[in-house]
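Chain nomenclature is as follows: A, B, C, D and E, assigned in order of appearance, with residue numbering initiated at 1 for each chain independently.
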Amino acid sequence: MSRHRLLAMFKDFDDAFDVVDKIKAKEVSGVEVDDINMMSPIEHPEVDTKLGKRPVNIAYFTLAGAIFGVTFGFFFLSSAQASFLVQPQGGKPVVPLPTNFVLMYEMLIFFAVWTTVICFIFLSGLGQKRGTLYSEKLTVDEIGIVVEIDESELDSVKNFFKNNKALEIREEKV
Amino acid sequence: MSFKNILENFSYYRRDAEDGGHHEYDHRFGMTIDLDICTGCNSCSTACYAENNLAVVGKERFEKGQAMHWMRVERYWDNIEGDYAEEGAKFLPMLCQNCGAATCEPVCPVAATYHTPDGLNAQVYNRCIGSRYCSNNCPFRVRYFNFWSYYEDSWPEPLNMQLNPDLSVRDKGVMEKCTFCIQRIRTAKDKAQREERVMADGDVVTACAQACPTGAIVFGDTMDPDSRVSKLWEKHQVHRGPFLQKKDKTNEEIRGYRIFDELNVDPSILYLERVRDTEV
Amino acid sequence: MSVKVNRRKFLKMLGWGGAGTALTGCDLPTTVTLEEGKEEVVSYLMPEEYAIPGIGVWYASTCTQCEAGCGLHGRVREGRVLKVEGNPDSPVNHGKSCMMGQSTVQSHYNPDRITSPMMRKGSTLQSVSWDEAMSALTSKIGPDSGVKGDRVGMITGTVSGHQAVIIDELLAQVGSKNHYVHEVINTSVWSSVCRDMLGDEMPKLNYDKAGVILSFGADFLGTWISPVHNMGEYAKFRKGARGSLIQVEPKMTLTGGNADLWIPAKPGTEGALALGIANFIIERGWNAVDVPSSIAKTLNQYTLTAVEKVTGVPVNKIKRIASMLTERAPSLVIAGASTENHENGYDAVASVMLLNLIMGNIGKTIEASAKFPEKALRAKQGNTKDLLLLAKALKDNKLDVLFTYNTNPAFTAPAVLQVSEGLSSVGFKVAFSMFPDETTLQADLVLPIHSGMEDWGTHVPAYQPDTSSVLSLQQPLMEPIHKETRGFGDIMLSMLKLRNKNFGDFPDYYSYLQTAVANMPADVTGSVEGASKDIWSNVLQKGIVKAKASANALTPKLVDMKFKVKHDNSGYPMHLVPSARLGLWDGRHANIPWLQEFPDQIAKVVWGSWAELHPKKASELGVKNGDYVRVTSASGSIEAQVYIHKGIHPDAVSVPMGQGHDEFGRYAKGRGVNPLKILNPLMERRTGELATHATRVKVTNAHKHEKLVHLGGSETQVGRKFVKTISVDQLRRTEGEA
Amino acid sequence: MQVERRTLLRKLVCSLRGRMRMKTVTIKQLLSFSVLAFVVSILPAKSYAELPVPAHITPPVGEHESPIVPQPIEFPHDRHVNDMKINCMYCHTYARRSKVAGIPPTSKCMGCHKVIATDKPRIQQLTEYWEKGESPKWLKVHDVPDYVHFTHEKHIRKFVFDEKFPVEDVQQVCGLCHGEVRGMTVAEKKKPLNMGFCQRCHEANGGPGDCWACHK
Amino acid sequence: MSQVIEDKVIDEKLEWSRINADVIASMQAPRKAYWITVFVCLTMFLCAIAAEIYQYKMGLGAAGLNNPHMWDMYIATFVFWIGMSHAGTLLSAILHIIHAQWRKPIYRFAEAMTTFSLMTAGFFPMIHLGRVWNLYWVLPYVSDRGIWPNFRSPLVWDAFAISTYLSSSALFLFIGMIPDMAILRDHTTGWRKKLYGILCLGWRGDDRQWRNFRRTYMLLACFLIPLAISVHSIVSSDFAMSIMPGWHVTTFPPYFVAGALYSGCAAIMTLFVCLRYFFRMEEYMTLNIMEKTTKLTFAIAMVWTYLNLIEFSATWYGHNIYDKEVLIAKATGPYAGVFWTMIFCGMVVPFTLCFQKLRRHMPTMFVISILLNLGMYVERWMIVAPTLAQAHSPHQWDVLWGSVIQWAIVFGSFGWFGLLFLVFVKLFPCVSMYEVKELCFHLKHEIHEEELAKKHAATKAAGKAEEGSGGRAPGTPGLEGA
């Protein structure tokens, strides 16, 4: 029993949301709302409400990056200053806190930004190998819904999509 | 560079000038310049050129303001009223003040300028990357930058044989300034160490002080209470420390002052006021 | 297998330390800053105990940059002299040195030194070997040359010591009396007056004992007699009871800049001011010494108002000076260039000296000086009279052979004297010279001589500041840097040997000098102990010989004064003041880059000439700093940039001497103008000196502007109080309390 | 006489360099050189025991390889140091008095070589210089940049005299920076002598940490 | 039709496929004017390169610097470019956070401007250094020499801040461009397809990506705002941390930030006009957006003016004679002409933005924006030069007008910036396609909602005529946010 992936293309969000609503209402078997992957040319906030709460964990990493940055900044700067052979003091202490705060602040942002971006790339699955199930229309104006189903339900789901204003349906074997 | 070190000695590393800084000075070299007997003859400046491998920049570069005189004699006319400069000119030998709380030090990005245990404001030429921030931040404007490779035409053969091998010739792109003749200090220290004694007053004298025909410049260690310099500082009631001097002005003979004392930079050079007989 | 090692070998240069020529900051993008196998290291052939590579050794010598005769210590490392300092043992400079002394090294290492003998072939000078040069010399002035003694001349700067002896000897043997001693910056009128009125040409001046110094144009801190010594004395004068300095002169000199009161008198009327002061003092009966009625009668004409009219100095100032001289006795009244070098210079200086006499300064602030016992070694002081004589001799075509040494008449003589043109009429001109200056390049035979740091010699300063007189030894600090130069003494000696067999005993000047110094009479070398051999080594070590004093008391005597102010300004309303500066001096140091780069003490201008004008005059002419003006005299004209300040009399324009060289190496050539060139051929009436300050000029706007290259942005402190000034009475008051 | 591999190798390389410069080197020559070089390189090397490090010194760390500097006379340090047992400071006499160690004056060389080994070509070269009254122009091997102020005197004083270290063994101290000179003919630079090298040693042995102590 | 567009940011009825097509078209087939501009920029840049090579060889004397004027136009230009870089942050980050939708068509080039002006600015401290080849010494790397940079020095802060800001803003630009890269991947051919295929990191636009994207974008925007403010404050502390009169001013950090936003806005206006004209982007960069931008500019100009005046009055009321003298010298001294130019361009010219006629007239806006830019450039120079000319020591007073070399490098920096920008507009979309689509989508949605509401109201107020159906949309006030 092999599994198939289906991509159905819709004209606009309204059509796509109708389909989602119908899937939620169990009008077609073999597809759960959690399996739905919705592709769109723009970001639509309603997608989240329609598909249910899905977690976004980037902020935790950002926080971790920021905390690391500021701690690292403090220890790095003060230990470099303390171990420096000569002390360019100009009447100032060896470890001048106010000036170090400036750099700690910069390091906070630096590490926070980089962790955010790196985590974004990983968490959103960018740069990973993907299936070929894709339509170029997705970057123009059409909305795609991807579902993964068993072979047995292939036809029924296809029909379901067709009946619900799908413009085009593509499929691939997993 | 261990955390332990930082944590254990944190309060020590946090001491600033008000708490006496973290430096424990071996010496604190200082100078006194008596403006009353300074005649403005330029002898000091010449001696400095001879001692410190200072480049002759030539007319065009001098015109641009790129001359390299570590020790310059400033001349002021302050007679705005009256037809004649009856009071004469005012001369001021100006050199690096080797400030105790030097404003040039904290701004150098690579720490090419810092304080030595001798209380000198050092400039390490080979560390300098030429950001020129130090000079911008110097109220006295006594730091000189090598805007060109002056060595290329300042010492045509055989003039280069005069170059003092005890200090380097500076190439373009580095800042330089008066060092209180560090090479002489170094030699004197070595000599004292060789003779197994402490450095005495008069062991080291800067080129300018040695040449000064009127003896207006006195150089020495202000930490040594017996040195001529510290006696002069004492006499004129000026003390080391970055803050404005409070003088007990019962005696007007107290002529000592430090330029830009109000900036709290703690200069190492004590000037004695010029005296003019206004009765005549 | 023995190698001849003499003293010179010990002064050998070592290839050590690379002369500091590799650079900091030269570590271009490469990270490796270490260099192997690039620098040469040359060891000594035979080591000397005291010569350690890397450690400087100090040798004593004498400064030859001006005539003051300061003792020097030269720091020698790896056979190179690096720096000079004053010799603390020398009573002249007490271990101090001026900017000219400091730059001796640059004169020595100058890249424009003449490195080989040159002989005129056709119209050009070509390098020749010493043999060729010496044979040319022999053929022209040797015993067989048939040269007539009175047609041989020698012009030198001030000479003293054994150089003077040897020059005298040579001229005597040739049978010539034509030794011209020429200096532009001289004190010969002062000396004449001192000789006539005090019986001592160069009396000792005790600045430090004076309560007030009144100086009529004597720039004693800059260019007058013995500047470094004077500055030391000046410090004592200021430090002790703090005397006051009053300076009267048309253009502010360095001394004027340091005066408590600077008064510009009309140029050429300083004598009248002095007489006016004297008159006022005698009127009030403040004089310490009575004056004969004849003098008093002469003085009577110089009433305050009359003097004010002549000199332009207000009456109250004159009164004040007079009372200062009285209150703060003893005083010291001196006169320098701007007073001496007028047509009435002698009388003016005599009037000044009169003040010393009536105030009773003689014996207090002016004392007889110690004279060096051996007369032949005493300094022959340069003057401008000899220049005029030489010019005359040249004009009348009286010379066949002319030696020049240590002077540059082609540069310093006014154009109208036509010295340069006259020189071409001399059949054979021999120049002993280090540099290709104007005179040297006109010579037929150029003999390159050692620099002051390579040569032997002795100097007896003309001004002896101590109670015992002093002879200062000049000894080489290093091996000659150029193979083909020779010592002046060596060349003279070899010329002497041609005629006098006695000199054959001396292989070189060094041995001559050694013998001469070591065998000086006991009263001379009294200060140096030991046998003759030790004397020499002691002298080498100390650098000076202190001779026993033979000072006589001064014999004050009044001279007849016919002080007259000349008013002749048809078309030339201004006075030209060719000022001397400590630095370039009369122009002999214009080839020293340092001295070109150091600003003039007052105007702070570098690398060029300028004309100083009073703001009043400048606004009349419509010029501002940096504009060019044309200064025209009856004998020519020059153009220079204007520097405007209040330290000059409105009727005077001052152009400093020293620049305007046509030759003289890369640093001097074609730079600035030479004010001496436009001087009128006026003579001081009594002494026959050239009246350098008497030339009248007119100043016109040349309508040209360039940035004035000078040091310093703001001319005033704009209230910054960098140089704080307090008044002297403040100082006094408190001293009383303390 | 024992064949010294190092010396021979060096000589070979030097002479090859000379030939390369003349650009007339033939294949044959090259071949013969390589064969020779191979033969020499498999010769047994003369080895020394490592110099002991004096107990009071923490030695500086670092190795360096540099090309051999061609000197006017190929002075064999190994003969003098190892075979004759001559102290470093006998010839480099200024080391204890000045910042530079000094090249011995020619007179010092001649002091012995007037009589010793006068038939050797190198000695004859030296004698030639002596008779001309000149000194050979050596090339500096252990050179530091001009902005570095290094003084032998202070190091010798600290590590030898102050510690009462036997002066006979001074080689052990010198060797810390100069490498094992007893194994060289002409001196070679074996230590990096860069700032890190100096710096680590200063830290370990309590040398000054002030920039101006070493920089000028 | 025109009446309809007048109040709207953008015509919501734009076909999405047309958006794609228009923007992609703008990236392809450069016109003659493009090549001419490239040539001009390249020439300017080559001038700078030649000047820099000469300066590198000869030393900084070639720039005509001298003892009091250790810094001059290099630092002024550096500050100028750093200031310029604040435009992108302002438009994309600040306006993003406050949901100002009208930023969407124009924020992309503003962000590009940020990155490129930072890249230009970054050159200046290097050009300015005496020994560029030792630049890496300001970086804190572990070396066996036991030496570190001096963390007290504002120049080191600069190095930290600029590298943080450059990398962050480049990332921000990049992240924001990923969906557009995907569009381009899908709708281009050849090398472009390959390039965008790599750059879009496999963006497919699925809900997980969008979700993370939204969060990331917001997080970055949140960090970018304090970062931008800190960067310019740190640049200001190059001056404010010194003791020089006229520099040691506590209001400098906000003053610099205001100045930066100001010059950034002015630069956006300039580029806006240019892009609109050259790429025929009238439908995207509408006059309404321009008007909003100019209003924003005016507001910031007033903030800047206020801070400037506050600085003057603080100096005036204080008793620091040095500060006061520098201030007086600015107004009356040798640099007075330049100073009054700054006052005119920076404080007077913005008042023209009060007039709607002018705001909607593109050529005028172009001229005005150039004037504002000039004023802001001159402002930076007026911070650097007069203080150095008249600092504490009167002996060292001097007036300096930079040498040819210095001018050439400063001039060439504009060429370099232009060149980068020209390359950018042909390689990357200068209008964010997906966000314009979003904008259209939201607008449509809103209009729809409103119409519904109206209908509802109409049916409630029974019998009223249904005239609202003519499509007279009442604008989008709710979306502007600010």
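Here is the rule we use: a residue touches a chain if its C-beta (ideal position, glycine included) is under 8 Å from a C-beta of that chain, and two chains touch if they have at least 3 such contacts.
Because the structure is predicted, anything quoted here is derived from the model rather than measured.
**Student:** Select, from B-C and A-B, the pair of chains that is joined by more C-beta pairs in contact.
**Tutor:** Between the two chain pairs, B-C has more contacting C-beta pairs.
**Student:** Of all the chains shown, whose C-alpha centre falls nearest the centre of every protein C-alpha atom combined?
**Tutor:** Most central by this criterion: B.
**Student:** Let me have the rounded angstrom distance from the C-alpha centre of chain D over to the C-alpha centre of chain E, please.
**Tutor:** Measuring from centre to centre gives 62 Å for this pair.
**Student:** For chain C versus chain E, what separation do you get between their C-alpha means, in angstrom?
**Tutor:** 67
**Student:** Between chain B and chain E, what's the gap in Å when you average each chain's C-alpha atoms?
**Tutor:** The answer is 45 Å.
**Student:** Using Cα averages as centroids, what's the distance between chain C and chain D in whole Å?
**Tutor:** Computed value for the inter-centroid distance: 54 Å.
**Student:** Listing for chain D: what residues touch at least two other chains?
**Tutor:** Where chain D meets two or more other chains at a single residue, that happens at 145-147, 151, 199, 209-211.
**Student:** Counting only residues that touch at least 2 other chains, which ones in chain A make the list?
**Tutor:** Correct list: 80-81, 83-86, 88, 90, 92, 96, 99.
**Student:** Please list all residues of chain C that touch 2 or more other chains.
**Tutor:** Residues 16-18, 20-25, 27, 33, 712, 714, 716-717, 722 of chain C touch two or more partner chains.
**Student:** For the complex, give me every residue of chain E touching chain B.
**Tutor:** Where chain E meets chain B, its residues are 58-62, 64-71, 125, 128-131, 134-135, 137-138, 147-150, 152-156, 159, 238, 241-244, 388, 391-396, 398, 400.
**Student:** Over in the complex, which chain B residues touch chain D? Could you list them?
**Tutor:** For this pair, the touching residues of chain B are 114, 116-118, 120, 122, 124-127, 166-169, 182-183, 186, 190, 193-194.
**Student:** Please output the residues of chain B touching chain C within their complex, sorted ascending.
**Tutor:** Answer in residue numbers: 35-37, 39-43, 45-47, 49-51, 53, 56-59, 62-63, 67, 69, 72-80, 82-92, 125-126, 128, 146, 151, 154, 156-165, 167-174, 207, 210-216, 250-253, 255, 257, 259, 271, 273-280.
**Student:** Name, in rising order, each residue of chain E that touches chain C in their complex.
**Tutor:** 68, 131, 133, 321, 325, 392-398
**Student:** Quick one: in the complex, what on chain D touches chain E?
**Tutor:** 195-196, 199-200, 203, 209
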